[in-house]
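Consider the two complexes below, in which subunit A is the common component and subunit B and subunit C are the respective partners.
Right, the complex of A and B next:
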């Protein structure tokens, strides 16, 4: 099986996400970077599929040069080939431009090495959450796509892909080549081993540049909603607190 | 790795507290291992109104304690650190929170095997059972070690792992249950207010996001955040946050099968600066080998902003790759383990790698308790509580960790970062006792630097100052005096035979010593006599022109310092102390100034240049440059006078730390160079040579048996034991007097002695030379450790060649029954024994010119 997994470098935030002063991006001063969780699962699924059926897992990302970190991480957990479409503008491309650049890269990769039986995306990216890129790429490639996938079975030349819906499970049968949007929970992604990490240092990464035009979606600004804070008041410890509790219940009209 | 670190954390904000205190006796900021242990000990020592604050949640507020590896290797070369570590292990054990699993340091190099001999010496000195292992013996204890890549091991069965968070919780609980402590987590300190104090600002309140607490005392126990918190009050705590990388790898069947948290000894792979510590089914691999990664305090994220905790920063995997390869070399199975957790963990590094403890220089009642490892935490908690309660601690003499030890130029971020970068990779390194810093040199120079440079001076750093240790220009003297070189590289590192040649030349002719690094304070004013009498042991009410060499004691009667005082006028004294002690001494003298303005303190170090001129022809030389009478009759030993030397105004002080005739000569800094030039020019007629601090501080001093602060003189010994008690006690009251009187009234159970080494030949057949680094024990003829009735171990405090005596000398405190001259004992050096004999004890320890005829000539 020849599988392509598309991943995105995203910040690994704490509980509070700070926005830069210009309001156009997440402030990453204190943050490390990671791969979107849905995509980690996609990668794990691909690794398991080729362990079972043989084949290769090409991992592709669109992003800054630093996204090499995510490709090497992919190399340490089962990726076999790696492709970086360079975006050195310092800003994420919009979904149209991202999808177009991926489409172009897929054409190029397939021209060199053959058709991918399966292209996996995360259901949505962890930062922008546009839910668009996978669909746009599938449409452009004229291949079937189902999102929200939490199970894949290989059935000869076709695939059975399942997803959870209210009250049940939907199972889709797709011919290959196909595109799937994977959802976290489909598996438990493996951690890299030390050997895997060291081997990943030697992985060859093919970097390409593209001139696909920007799309029409513009980020105006990010807004951090007010934190909803539940005020808790400690009234005291032990028996001494009883009076205060009574007072409070009285105040609330409970007593 | 980094990809697995993300975690959703619900936004936390602490509960509003209706009973937030408005005042407290003491506020401790920081609920890590140090703050928690401190409040418990304070409570035990009678503090009844303590508040403990932390901006993070409990039990893990997010500081370095929360991600510590929590293991303790007790053997260290430093007495102070070992005292704190052993006391900490005692407390962890007492609480039942210590798992004694043993630990092995493994060597991949011959140099490390040599270092293990030094560690065996330290272990013996501190009474810690350790042994050297062959590679196969290591493998017997840790079956998964690749024995073919190691040369041996250093095994300490008492190595342990502890639960630092639970220790903290229980410590808090003890103080809370006693009714002495209120704890407030999720409470951010916004400001520390100060008011006018006795001689400087004093803390008055801590302002938090929950309210303001008026208080008498504040302790900053905030680990990596300490500099920022101290700054709120206007104080400095010199440390920098720095990264220590670690990764949790596993699971491994061989570990899972043990069904134990720690079934195997912890392994330190010393030559790769890494460790491997079992944590149940996994192995934690940690490193001090990666490039130094320093952060500024303001760059540390808040608890909410951090993906994990503020001090568990994103792992930079590239920095760790080499360590992974080396870890796999040592334990092959590690390669197949999954890296489940990996961090750039923050810890605190100070300019000299020691903790920063005690009262801050700048603000009264503001204390620092920072840069402390888990292995020292409970010990530091007790030490700080003792210090705050009794005025000085008993656990150990903390002079190496005292936050006041740093000079102003050592408290800024440039110095802190440069030195931290330099020593980070030495955490598991082999650091020579005489090792010199490479960075931040030539920051503090005396006025003679151009001349001493031209003479090929090799400089050692003394309290930041560049001080000539020897002069290459004296190399010709080595052959002339037939000085022995040292065969073993370790013995000859940071050493030269030139020093002994300089020494002998001084004894035969004359020598000049650059003493620019002397720390000089002057105190004056109507209240000065009462003040100075209260500060020191010996009587200061002497005639103008007199000098006083005197111990300075703590309340407990132990040494805080020893120094020399000159009475310059009825209402003015000059205090002269060493470059290594100036920071602590200045703090102490300033701290004890009367609050009524009747005494002024002035640090004149930067205004006064000091030269030493000594040797049998020194008087002849100096006399040729002045019209004043320098004879003993006109200018007796111990006195000082204003003298014009070649028309340059000086204050001359007839004294000698090297045991020869001559003077210390003080002149205003701007005349220092001219004075040097004048003496050097005239000196050719008496064969004057410049000599370095190796002569001044070691060989000259040692031949006279003079004591040195920090070596012979420590808090745990009294003037009686060190032989510095005078026949009479002055009437005036002074700090430590009560304890001093008590010490005089009892038979000392130990006394300072000088010993000669009878044979320096090592097992390999050549001569070795003990360093006197403080870790070399004196042993009985049977090879047993010697401990006095107060539990103090006999160890070498100073060692060095005495060229004019023709002996290699050691100084050490011995139990009184072993002090008799002629008593035969042994010294341990690099894990071998050498025979020694007691050569002197009591007040006069001089083996050279014991009647001081030369100095009084």
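Right, the complex of A and C next:
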């Protein structure tokens, strides 16, 4: 199986997210970087699929030169080929432009090495959460896509993909080549092993640039939502607080 | 017909209550833009749709039909909604930002090559669209402008309080046949399994969650028992799912489920921003934590600063005592 996984470099914030003075980006002065948990799971799923069926896992990101870090991490947990599409504007492209550049990169990669049987995206990116880049790429390639996927079974030329909906599970059957938006929970991503760390050092990263039209969406300002100041009523500091807790439940009508 | 078109979300004819948020938001937007509201339902007609339109004061409803739309399918629904651009004259097409709402609008926007802005909280149109939307699952807001006349947008789920109209409307329903590509039936739902009947984590009126502080999978037993007593559901933090103590289906937060119960009881959870955004729509929050400085404690309306392993069993005993079941 030839699989492509698309990941996005994002800051890893702590208990709150701070914004730079100009309001144009998250203040990353003291932060590390990561990808969305959904994308980590997509990569893990790809690694498991080729362990079972053979093949390769190409990992692609659109971002600054520093996004090499996320590709090297991917190499340590199962990625086999790596592609960095440079966006050195210092700002995210809008979802239409990001999708167009990924689409172009896929055309190039497929022209060089053959069709990807499966392209995996995260359900949504951790920061922008535009809920669309994967869908746009799939539609441009005229390949089927379903989002929110928490299970994949290979059945000959098609894939059974399942997702959780309120109270149950929906199963889809997609012909390949196919595209899926993966949700956290489909697996538990592995940690890098010693061998993985070596692979990460040796990984060859192919860097490309794209020319796609600018999008229509423009960032004006990031800001934190107004925080409600809450007066916390402390009901106690031990098991004897149970009486007050049950009184509260009673008052709220849930007892 | 021009107007603000709003997508009703349904599962085989049963309207999703989140649709009421979309109807409320669309009506407000339409009033702002000086447009009328048209509700749109894809696939099967059901009296539910008409009732919802009437309750929310919407007098025009369109049902997009095709013999090929036999069930939910992201691609075929998306194409049907995209067809509205050819068949009608929408100023904007909106939905509520549930998984399905965002999926269908992403499909429709990709198929019509139009912008889609997901999870908005404020929308205005001046020279361009001026929008405030959520980033980081709601931890951060982003003001953006979008050029061009038309766009698709979804409203962040739980950001709008549904407000039924004071006077129910007479609803005129129109059936509109759409031409969809038969190849797109490839992503129709093939099979369903029902796991739980009744309330789920996202609809439960009581949610009791455990975090790393619970300590192990087995130590969730008292939380299960308490949830049972209160007809609630058990949730958890990502630390718990990462440890393999519970299934990800129980995870509350940015990459888990968004909940909105009457009361949320968070046991041994620090309240990281990614957890908080999944819980903040709760009407009341009780934090049980040994650390008085934990984010969950300082943000909660009620707190108990103690070991959850002592407090939860005591609450169970107290409930049983009052009910006379011990």
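What we mean here is this: the second predicted complex is superposed on the first by the 226 of 255 C-alpha atoms of A that agree within 3 Å, B and C clash if a C-alpha of one lies under 4 Å from a C-alpha of the other, contacts with A are read in each partner's own complex, and residues count from 1 in each chain.
Note that contacts are C-beta pairs under 8 Å (C-beta built on N, C-alpha and C of every residue); 3 or more make two chains touch, one makes a residue touch a chain.
Please read these numbers as outputs of a predicted model, since none were measured by experiment.
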Partner chain in contact with A:37 - subunit B first, subunit C second, else both or neither: both
Subunit A: partner with more touched residues, subunit B or subunit C: C
Partner chain(s) touched by A:70 [first = subunit B, second = subunit C, both, neither]: first
Subunit B versus subunit C as contact partner of A:194, first or second or both or neither: first
Touching partner for A:234 - first (subunit B), second (subunit C), both, neither: both
Touching partner for A:29 - first (subunit B), second (subunit C), both, neither: first
First, second, both or neither for A:14, with subunit B first and subunit C second: both
First, second, both or neither for A:171, with subunit B first and subunit C second: second
Set of subunit A residues, in rising order, touched by both subunit B and subunit C: 13-16, 37, 231-236
Subunit B contact footprint on subunit A (complex, rising order): 12-16, 18, 29-35, 37, 40, 69-70, 73, 190-195, 197-198, 201, 227, 229, 231-236, 244
Complex contacts: residues of subunit B adjacent to subunit A: 1-6, 8-19, 247, 249, 299-308, 313-315, 317, 321, 324-325, 327-328, 334-340
Subunit A to subunit C touching residues, read off their complex: 13-17, 19, 26, 36-38, 94-96, 99, 124, 126-132, 135-136, 138-140, 144-148, 150, 160, 164-175, 183-185, 188, 215-225, 230-243, 245-246, 248-249, 252-255
Residues of subunit C that touch subunit A when the two form their complex: 11, 72, 74-75, 78, 97, 99, 102-103, 106-107, 109-111, 115-119, 130, 134-148, 154, 186-198, 200, 202-203, 205-206, 230, 232, 238, 241-242, 244, 247-249, 251, 254-256, 262-263, 270-273, 283-284, 286-287, 292, 295, 297-306, 310-311, 313-315, 317-319, 322
